[in-house]
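So, here come the structures, one by one.
One chain, chain A, appears in both complexes that follow, with chain B as partner in the first and chain C in the second.
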Partner chain A sequence: MNAWRQPGCWLAWLCVAVGGLAILVTRDNTLREVAFTLLMFAAMASSLNIMIGYTGYVNFGHIVFFGLGGYTGFYLISQHAWPLYPAVLVGGLAAAVVAGLLGSAILRLRGAYFALATIGINEAARAFVNNFGPFGGPTGMFVNFAAYRQYGGAAQALWLTYTLLLATTLFTLITSGMVRHSRFGLGLMGIREDEDAAMVMGVNAPRLKAMAYVLSALSPGMVGTLFFFKNGNVEPGDAFRLHMSIEMLVMVMLGGQGTVLGPVLGAVMYERLRGYLLTSAIFKHLHLAFAGLSLLLIVLFVPAGVVGWLRGRLPRLRRLLA
Partner chain B sequence: MGQLLASLVDGLLLGFVYGMAAMGLSLIWGVMRVINLSHGAIMTLGMFATYLLFSLLGVNPYLALFIVAALGLLFGFLVYWVAVHRVINAPHLSSLLATFAVNMIIIGVGTAVFTTSPRNIDFALGSVEIGPLTLQASRLIAALVTAIATATLYLFLYRTYPGKAIRAVANNRASAELMGIASARVLALSFGIGTMLAALAGGLISTFFPFTILSGDAYEPRSFVICVLGGLGNPLGALIGGLILGTMEGLIPAFMPVSWVPVIEFVMFVLILLVRPSGLLGAR
Partner chain C sequence: MILQVQQVTKRFGGLQALTEVNFDLAEGQILGLIGPNGAGKTTLFNVVNGVYTPEVGRVIFRGKDITGWPPYRVAQSGLARTHQVVRPLNELTVRENVMVGACFGREGHSLASSTHVADDALTRVGLTDRAHQITGSLNVAQKKRLELARALSARPYLLLLDEVLAGLNPAEIALMIETIRRIRDGGVTILMIEHVMQAVMNVSDRVLVLDYGILIAEGSPQDVANNPRVIEAYLGDPQLAQRLLAE
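And now, the complex of A and B:
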């Protein structure tokens, strides 16, 4: 049960690594922007998958970690002139600490109650940051343009952010693969299938759930810091959009929950679909309705997602589609 | 002091309407264990239906409520058969996502048709003075409508055959089926009643607040808070929860900036879920 010997994990890792590095080589600005969004979605969806796909807990508040981690990292960069690297790390750690604290409380809830609590936390976090003075209240914060100078100008800073994001995404995917093929991951999947039965079998469910929750919060915090550093400003509305939590859920469902490759595939497919719908003349105004319709069709008819569906159809490829 | 009393009563009257919306959510949860994430969007549809009936056909908004209720019921049947019926026994994620997909479709089509510009129903009823208090007549009527709707719902649930069937299915679906109750139809009916209450609440809100196609997003989380206050699956508890929330929204701004209201509401929401998930008024 070692992730390094699983061809399925390598497929997902190599796809992202090769694609990401290829863009570093071409130095094309447009491609980088597209890849930035894709990598961000892939990292967020993969980390969400640890909660939803492996543990079976529906989390509507994944964006809270993105927002709070991003806010913390950005606060350190803009108000205390921290360099980017430690700020990203602290952003991720802050999100993980918040998850640890929150998790010790709300992970006692199960099923729909947990889902409701995460919606509540998302709203509470946004309302809190809106009123919290040091984080700039409703107007948020912005980074002084001079801060980019230490990275060799704004253009260089963008490439640096991209490289760091690529590293973060790969880290997330490797973690996801290692969790899936470990004793820890088996415990999580036991909780997903039947929490009580798993506990009877000796799975320490509260501890495992808390660890999964903390682990799933780490990369959104790092990605959040990178995203807001790249944007140059941060506002509560951008940081805590419940809508974005849902978009991540759609990506996980689309690609296939509980798999390593699924969330990456789902992120790419969703981003492409959304890009197409936003630019097409017919669907420009209806893209939200269209996304909703595709979500409904997936939930009703292909609940296992693309990867799950392929696994069911092509048993021979099962080792490859982990 | 007088001002405090005024805002208290204002909040209380608003609480009736919040309570009605939450009642629908609570009923749906109680009968089929589905959290309807399209609830807010359906409230918005209620607002727009009232608005369109008033501005295009000149129907009195309060008369329009009857039409809105009927449309809400039919729309609920549609949503149930299209989106909910297939996932009713699937894990929670499926029904949550299916109803959220419905939400996205409604908001998406609504934004394309109506844009997001604010609307309001220009139909003033004036105000009523009771002692030192000046009350908006529209809010008084809204509270009255809610009281009537709640009484009717309870008479329906306890005195009629379909109502008793709903309670039987909520209690134990398998046994109800063994007793010859067609559970799928009962589930569709309860979903329809739930959306009807949401549409009615939306219609009432449109008579005193301006609204946009996205307004449902603001009211839906409130309905969750109220349901949890009153106990999920307990419609009368939802009404009382609505009154509590309305009172809080009336009183809190007297002591601190109004923007802190959601923080307090949602912290309370999470705390209640943790300490007493069955709700303050729900049975253990």
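And now, the complex of A and C:
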């Protein structure tokens, strides 16, 4: 594949793999928790980037896939005593199926209309789960503590969850890189630049868009299952936070949309900033205001994000950071 | 016949853009399509390549009825076009633009083989030295040539050219006409809209004239140039002044 020859892809994959494995070696609980959040953000931002960065469709409802996929996986674990591995896979597939169904309806919309529809879907999904009996309605579901015993106790289960998340994140990044440097990705970027012109050149835009949407939903569903398994409970308020969608958007834009490395970089930078703001005495209630403000500043002054800015400044990096 | 347009009628609300347009195009020909502004030339292109579906009539391409097919399906079956107002994929490089045509056009190349097709098409239009530039940085003449390269990289049977000469200087026009001739000699049938009369009369085997959505003349360039209805469409009725004086 072409992606294996791209330094920008390598850099992203290598950083995540080495950093993630190093924490497995140290067995440090605090570091693991920090890394868990970082990996989660990186996977979510990278999958969102397939829609925003490659296809040019702004999706405000990415968290829906995290919520619905996570709910499905968690339902199987807590109510049907499924093991973690198949539940994670089914969580991802469930999110992908939802995306396939939703996509056939809303991908006919373009630009701001598509973005608005995705906000509506977020609210609709929350309302649905709130009133859906099998998922526990407004109170949600929780895992019986005994369920952790098959993984060697709660502490071991946390490490297992972390390892699976690392694998999921690497899978997401490798998918992102392979899409970016494939025929499929070229078609998506054609759609991003001018959908009508791309169709005249033979790009089957409806099918490619649907495939991109389904692909972008897969890892959020897997990450969601892992996140709720680790938490031990799930409720509608946690699963469908609109502001999480917007924070992911900030990460993609901050790092550089349309690149493989950008969303990872953006996720790390945003997580550090968020961590600082949440713990500082003055700013602790203002971290979302900062997210909004930084999105505004990015769109105004560095619309291509950090990676895009670097590429523009140093033409020699152009080929490296594709 | 590579293309047959039969009784095509297209309306936009109350505006009759095309009325019962009929014509055939034989393989290997260059057919010029002329007419005053607003005559429906670009609309006819849009009907042929699937952007619009006609209310009445059929479009038959290589023996297949393609009426109502989406544009990407028409493109994949071997019909490529350029746009009057250029539509480059700005953030991609020149070469990537052309690769889109090669990957998704008639031959459906893989990414690896599309680079060769793209380089070949860029050579034919003389854009090789710009291949790695971002498309947004090209000037208009270069973007027009890029449109042509993109269409060529699809390796089409039939090429629709929408005013590829507009906005070019005389030297560039001569170059472009040479390119068009060479494309035809390579076995591609061409249907071209053009306003540069001397060029279209020079290069076309046959010419069609549209006026207010109606085909008013068809024939060799000489016949069409001397047809009183064509002169009237462009310049007004030559006898009108005399008739008014006589009254």
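The working rule: the second predicted complex is superposed on the first by the 320 of 322 C-alpha atoms of A that agree within 3 Å, B and C clash if a C-alpha of one lies under 4 Å from a C-alpha of the other, contacts with A are read in each partner's own complex, and residues count from 1 in each chain.
Rule of thumb we're sticking to: a contact is a pair of C-beta atoms (placed from the backbone, for glycine too) under 8 Å apart; a residue touches a chain by one contact, two chains touch by 3 or more.
Bear in mind the structure is a predicted one, so any value in this text is a computation, not a measurement.
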| item | value |
| --- | --- |
| Partner chain(s) touched by A:Phe128 [first = chain B, second = chain C, both, neither] | first |
| Contacts of A:Arg183 with chain B and chain C, given as first, second, both or neither | second |
| Partner chain(s) touched by A:Leu286 [first = chain B, second = chain C, both, neither] | first |
| Chain B versus chain C as contact partner of A:Glu193, first or second or both or neither | second |
| Touching partner for A:Asn233 - first (chain B), second (chain C), both, neither | neither |
| Partner chain in contact with A:Ile119 - chain B first, chain C second, else both or neither | first |
| Partner chain in contact with A:Ala205 - chain B first, chain C second, else both or neither | second |
| Superposition-derived comparison: chain B or chain C, residues of chain A touched | B |
| First, second, both or neither for A:Thr37, with chain B first and chain C second | neither |
| Partner chain in contact with A:Leu296 - chain B first, chain C second, else both or neither | first |
| Chain A contact footprint on chain B (complex, rising order) | 29, 33, 35, 82-83, 86-87, 90-94, 96-98, 100-105, 107-109, 111-112, 221, 224-225, 228, 257, 259-260, 262-263, 266-267, 269-270, 273-274, 277 |
| Chain A residues within the chain B interface of the complex | 52, 56, 58, 60, 105-106, 108-109, 111-113, 115-117, 119-121, 123-124, 127-128, 130-131, 138, 246, 249-250, 253, 257, 285-293, 295-296, 299-300, 303 |
| Partner chain A, residues of chain C touching it in the complex | 49, 51, 70-73, 75-76, 80-81, 83, 87-92, 96, 99-101, 103-106, 108, 110-112, 114, 150, 154 |
| Sites on chain A touched by chain C in the complex | 2, 181-183, 186-187, 189-190, 192-194, 196-205, 258 |
